[in-house]
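Each of the two complexes below includes subunit A, the first together with subunit B, the second together with subunit C.
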Partner chain A sequence: MGEDRNSFIFRLLLTLFVILAINFFLPRMMPGDPFSTTSADEVGEEIIVMTEEQRLYYMNYYGLDRPLHEQFLVYMKNLMTGDLGRSIYYKMPVSDVIMLHLPWTMLIVVGATVISTVSGVVLGTFSAKNRKKGSDRIMMTGLIAFAEIPSFLLGLILLLVFSVYLRLFPLAGAITPFADYNGPAEQAWDILYHAFLPVVTLSLSQLTGVYLLTRNTLITVITKDYIRTARAKGLGEKTVWNRHALRNALLPVVTRTGFMIGIMMGGVVLVESVFSYPGIGMTLRSAVVGRDYPLIQGILLVIAVSILICNLLVDKIYGKLDPRVVI
Partner chain B sequence: MIKDIAAFGNAGILSSIQALNINGIVSSIAMIFSKFSIIAKTFSRFSTEGKIGVLGITCIVLMAVFAPVITIYPPQKITGDSLEPPGPGHILGTDELGMDIWSQICYGARMSLTIGLAVAFVAGFGGGALGILAGYMGGRIDQGLMGVIDVTMALPSFPLLIVMSAFLGPSILNVILILVLFSWAKPARIARSQTLSLKKNNYIIAARNYGAKPFYLLWRHIFPEVMPVLLVLIIGISSHAIIAEAGLAFLGLGDPTSKSWGMMLNHATGFRSIYFTPYWQWWLLPPLFMLIFLLLCLAFISRDMERILDPKLKIKKGF
Partner chain C sequence: MEKKKLLVLFSVFLTVLALMTAGCIGQDSAKAGTLAEETLAENTAEGSQHADVVYLSGGDYGYPQPFTIYPRGPGSSKVGMIFDSLVERDEIGIIPWLAESWEVSPDGTEYTFQLREGIVWSDGAPFTAGDVKFTFDYEQKNVPVSGGIESGVVDNVRVVDSGTVKFVLSQPVSTFLYKLTGFKIIPEHIYENVPDPVSFLDPEAVTGTGPFLLDEYNKEHGSYRFVTNDNFWGPDTAVKSVEFVPVSDSLIAFEQEEIDFTGISPDILDRFTSDPDVRVVQQPAFWGYQFYFNMKKCPELNDRRIRQAFAYAVDRDELVEKIARGAGKAGKMGILSEDHIWYNPDQPEYGYDPEKAGALLDEAGWTDTDGDGIRDKNGEKLAYVLSLGSGEVRIGELIKERLSEAGIDVQVRALESKSRDANLKNGDFELLISGFGGWGKDADYLRTRYCDTGSQTGSVSSGAAVYGYHNDTLNALAAQELQELDDGKRKEIVYEMQTVLADDVPAIPLYYTTNYDAWRISKYDGWMNMYDHHARTHSILSYLERDGIAEKR
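The block that comes next holds the complex of A and B.
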């Protein structure tokens, strides 16, 4: 088990290293150099604003004339000290730009994780209790069909129905612009009101996974001997389901949650674009459109690291929950 | 189950070909072709949903192939007024530049299908071949490949996809290559584990003891066994590739010269105040519905194939 765990952490580190390497080499593989385009107004327009002498000075200043391995070491050193470079569009450090937008993404990702896990477990339990009945069949077919629609298309449909057609929810943004709040309660309400559709979209896209997992695990668990023992002891159905069956069925759900956050961090870029929600996904989109390379790299790094941290956390929590797993 | 039927159905064809004394490769090809007739037979075992799926895909393929026949206007030419509502001239109306939306839908089907098929076949068969080889050879090569597979599967694929296409430039070929890079790992892993359990079978050990060469064993005994699983995976990969292409195009990272469904979504949602005008009804809805329809059809087929192949075999879906 100990060896297994070491290889798990080794794999995480290796993945992190691969991402860092991609991040480092991609911009250096592109034709041209950064100094011929920094002051161009439009993409594709090349203005040479520096003399050869100046260009060499800047190459030297940024260390681009040094050997690649030295550049890589400098890059790693900067990363370790939290220096992600400067954003070209925002004209401030990339880490500041990310810190400005990350809370919004955290809000909808965490919200969607909680909602989809809780409702997935509740619906899955309901389905397992009523298995082979009509309600179970209908729920399963419906939810499986839902799962096949990618989250951003689902988001577009929700936006068209609830914001454009019914005018129930806002079209874009995370807060009402230029709003004057009469206290924190009103502000919180406004934030929730704007976050509602993105959170629902992300939750719906992840709900089916949790639902199916809970349902199928419960159906296997409920046939076990210890469940029969519990019933034979005269425990009520409620206790049998909630304390004996569900507790065991929840273990794989925990693993699934970490996995889910990873998928959502990928999908959130598109979902935020659909709702013009100002998280890091939306920032990534505008950075891509504006060719703001340092910002693109910084955001990729933040997304990748948060996914890896989630995996690590799930591993730790799982060990705590299941005494059979030795850490 | 399918394996038994296949073996039974193939027996006649194979023996007749072998009677003609044609070498092993030709007979193996015949075997694969006869497998397609088996697939035709399994169609009758599809559920209603599965049949709808096959029918839907056939319609979309026909639409893509006969796009020049069923459309009046070329998709990239200005043939009408800006933002005409659906009417007799333009069945589905026009976009902001006056290009016909029905034409764009038909030609856009080509883009989605091409990318889906290309990525799925290269990643599915390429990854499958790597997995079979690694599983068969074992040792260092196997361990090395497993390491690469683990890392590839742990990478956050969509964010990396965005960044790589932003840096490498948006062209169809780049999009396909990047997608292949992120989708070969799953078929490789499954082909490897299948090969590992297959090569312990007595008939394979017997064949080897009779002097069968590794290539013959892999091609004749192992590949046909892994093939059905690969086919199911290929459907999954193609729908994943179609989603990824649509997503990239929606973000503005598609090939700017093409009119894919994702690009149409990008243009429509990028149009100022589209949600305050009625334009979204004929500009945004058609590509949205087509994409969802295509993905649902693919999902129905893959579910049915999974069920028919082996109910115990769990091929987990993951992004």
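The block that comes next holds the complex of A and C.
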């Protein structure tokens, strides 16, 4: 057991080291550097083109003119003390930038995960119960077709319908600018009000996956012998479905939810940019565009660590759901 | 029950989707044709010259002090709301600002500025000549993001008395006053204790002498609120407070009256031109695309006839028509755009003329000997890779088509923006397109961009030395231009430089954009353009009463 534990920790550390190394070297292998921008990305955009003198000054200021291995050692050393470095673009500590933006992403990702998982399971169960009936077929075709709409397009549609035409929801942002709140309840309401469309967009883009998985697993599970046994025992349909079938069918759904967080980080970039939502996805995008190495490293590290944590959590939940699995 | 709901929901989405796509396509094709010919009917209504609050499209561009703004986006104009420079720009030229007057020594190396009396920093401390000297010395060690004076221009700055400051230049530099328009003075009593201004994000960091105070800045949401600085020495603010609020789409935000000013695309012009409360005006042509030749990598491009052939073969009017939807002006081979104050209208012209292009290529010995449609010479084909940013693919495709008609083969290679910039900087390309602003700036950029003389006033990473362009006449003219202190004479030299450039075609300005600005005149109608810049919201005079020092000229 002790040996197992050691090797587990060793593997974790090795994974972490590989992630850190990739995070460090990959951004630096991209062409360009943070200070040599000469072209604007869109018509009319203003950029400050630095002189060679300025560029060299800043390369030196951020230590980017030192050999790569030296920079890596400094990075690792600082990391040991919890220092993620300083963002080149935002001119503030990377940890501060992340702490400003990560909560917003967490809000919509967690919100979307909960909503899409719950509704996906409910709809999937409904579909499985009504298998091969009209309602199941329509729902399945509809949701599959729906899943083909890219999340940014979906977001754009929701934005146009609910914000532009119906004016029910805000056009952009996570809070009302310069708002003065009368108490936390009003503030919470404002935040939820702004988060609603992004969360719905993200949920809808994940819903079909959960739905299909639940439906298909349930259909497989329901033909198993133990279900027949349960029915033979005279258990009610409700108990058979909820206690016997669904509980078993949920295992892959839980696994998927764990992975989904990682997948969603990709989708969240697009959704955040449609709604101008100040999350980490938008920040990562601008960090990559601006070659802000310390910030790219920091954000990727946070994403990687949260995926690792999710996987660990999934393993734990797995153990609870299925006593046969020993962690 | 659930089934029904879902069905309804789904069909609603499908309908909406269908309706919207149909609507978009319909609008687009209907209007595109008529746009270019349509001239804007001017809105003659009187607008409001005062406002309590003006709302503008926000976004995070950094903490508005000279060292912490971001290099991308309008950060420096936000610095300009708080910090002043010795001289400022209005719609015609350079005007006195913190400096009331100045004298230039006959040899052009000493500038003595008389500072305005009674100016105080927003915290009440008096502004003196010491602050000016301090700013210069401080920025020698700590380079600001924009507005710094590059090394080699100024030898030293001396405080003559508390109201007089003298800049001693290493040699005469004709653009010195122009450079000072961006040189924002920072308070000595605050920054003297700041060893690293890049991480200086305290409230005192934004203590300036300018017309506005930073009341609130929210980095994560990208919002700024500027309010009137009651200690400001100059004209009253016409806009009492300016709020930059985050928007996802500035046009929609404008329609919903969340912001009072927006840029609009030519395709939706009609929606606003009939609105009596909206003024729609085109921007001056100070943002443009440049087409680069790499003469180092492709030696045959050193033959000017080939470059001239490119200028004849590329249909720049077509680019304006099809890509800019009419909101642009075709590039001039003299480089400066027609809206530039020193544009030379009398320069060699290159209209779209494929036959002339062909004749020039024939003359240079490039003919299609094997009949494959691509010209060749000594077994080598006239074929190039054209690198560009992913947003410029359509420009590239049109150019490819036109050039192929002239017998030049072009492969379009779309790159991520920074990769393209890296290739440009390292000279790792054959042909390349890059878009950028600043085409209205002092004409000295003809020197920094197209002369390969290693001058002491800072090198540009994308300059002529990188792509191997060399022209003795141009270099000599540029050296003169840089030292000529008489504006009239200098203008003549710049005119001549344009003629030389237009004759030699070291690069092709494809087109300069003239986007449309729209604003609600009942909210605020005091917007103006600086003579060298395309964006009205970037000018500090746009927010001030136009009287006294800031009087409209």
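Rule of thumb we're sticking to: the second predicted complex is superposed on the first by the 251 of 327 C-alpha atoms of A that agree within 3 Å, B and C clash if a C-alpha of one lies under 4 Å from a C-alpha of the other, contacts with A are read in each partner's own complex, and residues count from 1 in each chain.
Everything below uses one rule, namely that contacts are C-beta pairs under 8 Å (C-beta built on N, C-alpha and C of every residue); 3 or more make two chains touch, one makes a residue touch a chain.
All values reported here derive from a predicted model rather than from experimental measurement.
By the touch criterion defined above, A:Ile22 lies against subunit B but remains apart from subunit C after alignment on the C-alpha atoms of chain A.
Of the two partner chains placed around the shared chain by superposition, subunit C is the only one that A:Phe146 touches, whereas subunit B remains out of contact. Between subunit B and subunit C, the partner in contact with more residues of subunit A is C. Once chain A of one complex is fitted onto chain A of the other, the partner contacts of A:Tyr90 are limited to subunit C, with no touch recorded for subunit B. Of the two partner chains, neither subunit B nor subunit C is touched by A:Arg231.
Once the two complexes are laid over each other on the shared chain, residue contacts for A:Val164 go to subunit B and to subunit C alike. Contact with subunit B, but none with subunit C, is seen for A:Leu12 once the two complexes are overlaid on the shared chain.
In the superposition on chain A, A:Phe126 contacts subunit C only, with no contact to subunit B. Subunit A uses residues 30, 157, 159-160, 163-164, 171, 274, 289, 291 to touch subunit B in one structure and subunit C in the other. The touching residues of subunit B, when paired with subunit A in their complex, are 147, 150-151, 154-160, 162-164, 166-168, 239, 243, 246-247, 250-253, 265, 269, 275, 280, 284-285, 288, 291-292, 295-296, 299, 303, 318-319.
Those residues of subunit C whose C-beta lies close enough to touch subunit A in the complex are 2-3, 6-7, 10, 13, 16-17, 20, 58, 62-63, 67-68, 70-76, 143, 145-146, 148, 150-151, 198-199, 201, 216, 218-223, 225, 243, 245-249, 252-253, 256, 258, 263, 283, 287, 324, 389, 391, 417-425, 434-438, 458-462, 513, 515, 534-535, 538.
Residues 30-33, 35-55, 57-58, 61, 86, 89-92, 100-101, 104, 123, 126, 135, 138-139, 142, 146, 157, 159-161, 163-164, 167, 171-175, 177-178, 274-276, 278, 289-291 of subunit A touch subunit C in their complex. By the touch criterion stated above, subunit A contacts subunit B in their complex at residues 11-12, 14-15, 18-19, 22-23, 26-27, 29-30, 144-145, 148-150, 152-153, 156-157, 159-160, 163-164, 171, 259, 262-263, 265-267, 269-270, 273-274, 284-285, 288-289, 291, 293, 296-297, 299-300, 303-304, 307-308, 311.
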